[in-house]
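Labels A, B and C are assigned to the chains in the order they are written; within every chain, residues are numbered from 1.
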Amino acid sequence: MSTTTAGAPPAAVPPAARVETPFRRFVSEFAASRLALFGLVLFCIIVLVAVLAPWIAPQNPYDLAQLDIMDGRLEPGSVGGSGITYWLGTDDQGRDMLSGIMYGLRISLTVGAGSAILACLVGASLGMLAAYAGGRTDSLIMRLVDLQLSFPAILAALMILAFLGKGILNVVIALVVVEWAYYARTVRGSALVERRREYIEAAQCLALPTHRIIFRHLLPNCLPPLIVVGTMQVARAIALEATLSFLGLGVPITEPSLGLLIANGYEYMLSGKYWISFYPGIALLVTIVSINLVGDQLRDVLNPRLKK
Amino acid sequence: MSAVLEAPRAAAQGSVPIIELRGVSKRFSNPLDFAGRLVKRLGVKVREDVVHAVDGVDLSVRKGEVVGLVGESGCGKSTLGRMVAGIMPPSDGQVVWRGQDLTKLSGADAKRAKLRTQMIFQDPYASLNPRLKVAEIVGEAPQYHGLVPRGGLEAYVDDQLRRAGLDPSLKRRYPHQFSGGQRQRIGIARALAVQPDFLVCDEAVAALDVSIQAQILNLFMKLRRELDLTYLFISHDLGVVEHLSDRVVIMYLGRVVEEAPSEEVFARPNHPYTRALLAEVPRIEARKRVFAGVQGEIPSPLNPPSGCHFHPRCPFAFDRCRAERPALKQVAPGHRSACHLNDAA
Amino acid sequence: MSAVPASAAPGAPTLEVRNLRTHFLTRAGVVKAVDDVSFTVRSGKVLGLVGESGSGKSVTGFSILGLVDPPGRIVGGQILFKGQDLATLSEEAMRKLRGNRIAMIFQDPMMTLNPVLRIDTQMIETVLAHARVSREEARQRARDALGQVGIASPDERLRSYPHQFSGGMRQRVAIAIALLHKPDVIVADEPTTALDVTIQGQILAEAQKLCAQTGTALVWITHDLSVVAGLADDIAVMYAGKVVENGPVEQVLDAPLHPYTLGLIGSVPSRNRRGEPLRQIPGMTPSMLNLPAGCAFRARCPRAEARCAEPPPFAEYRPGRFARCIHPHEEAVAA
């Protein structure tokens, strides 16, 4: 009578089909947007250029010995005293702008990604703690988040840098302090939703320890929104770093990031020597746009509300 | 067929309860936020919202029994189920597991008690972790708790899946690759993998299509015979409960209003709410009947009626019903009901 | 409006769906959500349209009301409303009928109700959309409709917002809105599925009263055979986009012709077979994207044979009893 109860029900998918992991599904959905793929390729190229800068850049712009002050403020395409062609011109120190941009990207990306990762670690832990502990801990952390978010990021960062002084590490610290709150809020939000799902109750029923439930069951399911916020925050951090450097409170003058390059050329902007600011500006813009293109598609793919 | 059912029922008669609830209550409150507390300080009357999800319930489940728990949405069935399964502590009262108070058990014993009681959930989509493979979902707990010898996990997981009616060759897949009925089977395999003797099924078939629902109900009955399982079967579907249960418990707004052996409840319902409920259940045997509908709305558990919770909708309500909560009293052997009418008679 | 004759005699066919096909042209392929559906609803009678999830019940309902959104399209068949084919009607003409002569009730009443408007605003707007009456009279009609579905103190209730009602009350308001123009046909898509038994009873009682009193023809979509057994006069059983069996409710439930209908009835827990294993249908519903050729039920059917690889015709095996099976059950089989 109840023959099929014991028998194997027919397979949902033909057995020959490749195992469709959530990751593979995610990849194919992401690739559905041409624009996002373009953004991703662009971003990869930018990262590659930044990483390989010491090998592919015509000049080491941080090595003052290589710089020739006589070559200062040359137009794009001119040939310098030592015989190299400055494709994007030079700045007032005689630094090759192309090399400067490549090295500047290195700094900007390191600062952006580094601060985003650190902020993510801090923010996600605090957010998870708030969601799981609840009560007073939750209120305390969330009030801190509110405080942080109600403060203009640039102002907070300026205050911190004014206190800590210049330097790459200090910039990273300042960025972490102003960014962690976004991660905390995001993680808490999704953790509160996921926590109420039945698979968490099932894990509790199975007497699994709390840390295992948090890290193996809860956290992986809170990652998607975190990845989205993370991507957007990298772009934000790069922009913020550029702003800080532009204002002269960021990285040291000897190792200019994109923001500092822009600032250096700013005063020559109106005297027709546009390239000193313009090309670093373009590089910054392209970087941020490419990250945002990727981030937008990530949000569409990972947002459960947009799916059925 | 009926012999299969009679055996466990006879065995159930004298044995100790597997689980016993004594005056168990659960309250949920929405603590006032800062503004609320401030306003209260200033002397304005603000009430903290307290939901009496479960209100003084006594219930015992004996070994080998299938107890059906019926009630309308929001009456506290799931909350009661969670307390029985030990994943939610009661606000008041005791949950006694094989004679021991669950909240007073020490670490190892508490873990054992927890493992022996497992839950099957309603939503086959939310009850499986989407990021784990089926083999991990089923194998995680037995491996963690050392229920299987080293190297034996694969075979063990295969056995569990086969027992739940799933092809073990599918175990490398992720939950989203299965249909609702198959997912429910994965949930059952996960629960069975820690060798429980008591299953709390919270609306375990409510989300499934009729034909798939029948498959899963048959599976529950088969497992009961094979593994000598005890069930607390929570459902709002009286047909399903009648089909499966030895004993039926009926809840209304956090309280048990009637409790009796299955045949007894359906043949001689005592409580006016039970009678109304039975009158309204659509049955496939009843053709072109006239529906009437119980008057009135289901009251909010935030602000339940005084006395007997059912009085605003009860056609027999009298003064005492509005003032006094009726106690659950025996009206026939094994049949208890909470209605003041029984005192008058 | 003038094209449509006034109320028909009780028992006359009000709505006749013939070989309706509604397909969705999606990127993954053509989903034949409704593929050859036929049934008739008579005035004052209830047709129960049953089937499992995804069998095309809702899409059938939407097709009748002309509410199928792209990529969906009615690709064939007729929907005869008092002799007029709705499938070929212009969108403008359809809008005049919809909510007026033909109304729909959804599973989620919030599909009908606007959360930010008061009930009276919504109901009066609906009245004025199709009738030239004064606001005062419109309000009166709204009040009457609320009273008709058993809502106490309708005057007070009219001034409330939807969120102030319970789920059952909201559904009753949605029904009241459907009733405003005393339509000839109401399509109700699982209106009680989300409700509790005692509240469901209230709604079913209203539905029965409605058909008896106003002669409205009712299409009641549900997956619950027990509800259909108690409420409907006729039944149409859907499987994978097709009606596989239809006929009067007692006959279909007592002596199903199609093996799927028999399996479905056997799957319902019933008091006659307490504790016994339920008769289950093996396997699961096929994906609508790649249906097997021939009878779609073939893989799950205990009576399947080689001939079933050909599409079975929808044939009348007994007077008034149609089934889509080449090997139907000959006589009453105890489910």
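Here is the rule we use: a contact is a pair of C-beta atoms (placed from the backbone, for glycine too) under 8 Å apart; a residue touches a chain by one contact, two chains touch by 3 or more.
Here the structure is a predicted model, which is why all the values come from computation and not from measurement.
**Student:** Looking at B-C and A-B, which one has the bigger number of contacting C-beta pairs?
**Tutor:** Ranking B-C and A-B by C-beta contacts puts B-C first.
**Student:** If you average the CA coordinates per chain, which chain's centre is most distant from that of chain A?
**Tutor:** Between chain A and every other chain, the largest centroid distance is to C.
**Student:** Which integer distance in Å separates the CA centroid of chain A from that of chain C?
**Tutor:** Those two chain centres are 52 Å apart.
**Student:** Take the average of all CA coordinates in chain B, do the same for chain C, and state the distance between these two points in whole angstrom.
**Tutor:** 33
**Student:** On a C-alpha centroid basis, what's the spacing between chain A and chain B, in Å?
**Tutor:** 48
**Student:** Scan chain C for residues touching two or more other chains and write them down.
**Tutor:** Counting only residues that touch two or more other chains, chain C contributes 277, 279-280, 282, 284.
**Student:** Please output the residue numbers of chain B that touch at least 2 other chains, ranges allowed.
**Tutor:** Within chain B, residues 179, 181-182, 215, 218, 222 contact more than one other chain.
**Student:** Quick check: what residues of chain A touch more than one other chain, meaning two or more?
**Tutor:** Each of 2, 4-5, 7, 9 in chain A touches at least two other chains.
**Student:** Would you pull the chain B residues touching chain C in the complex into a rising list?
**Tutor:** 1-2, 4-5, 72-73, 179, 181-182, 209-215, 217-218, 221-222, 236, 238-240, 242-244, 262, 266, 276-277, 279-295, 297-298, 313
**Student:** Can you name the residues of chain B that touch chain A in the complex?
**Tutor:** 82, 85-87, 111, 114-115, 117-119, 121-123, 126-131, 140-141, 144-145, 162, 165-167, 169-170, 172-174, 176-179, 181-182, 185, 187, 190-191, 194, 215, 218-219, 222
**Student:** Spell out the residues on chain A that touch chain B in their complex, using ranges where they run on.
**Tutor:** Residues in contact with chain B: 2, 4-9, 11-13, 15, 19-22, 25, 197-199, 201-208, 212, 216-217, 220-221.
**Student:** Considering the complex alone, what residue numbers of chain C touch chain B?
**Tutor:** Going through chain C, the ones touching chain B are 52-53, 150, 166, 168-169, 196-206, 208, 223-227, 229-231, 233, 249-250, 253, 263-282, 284-285.
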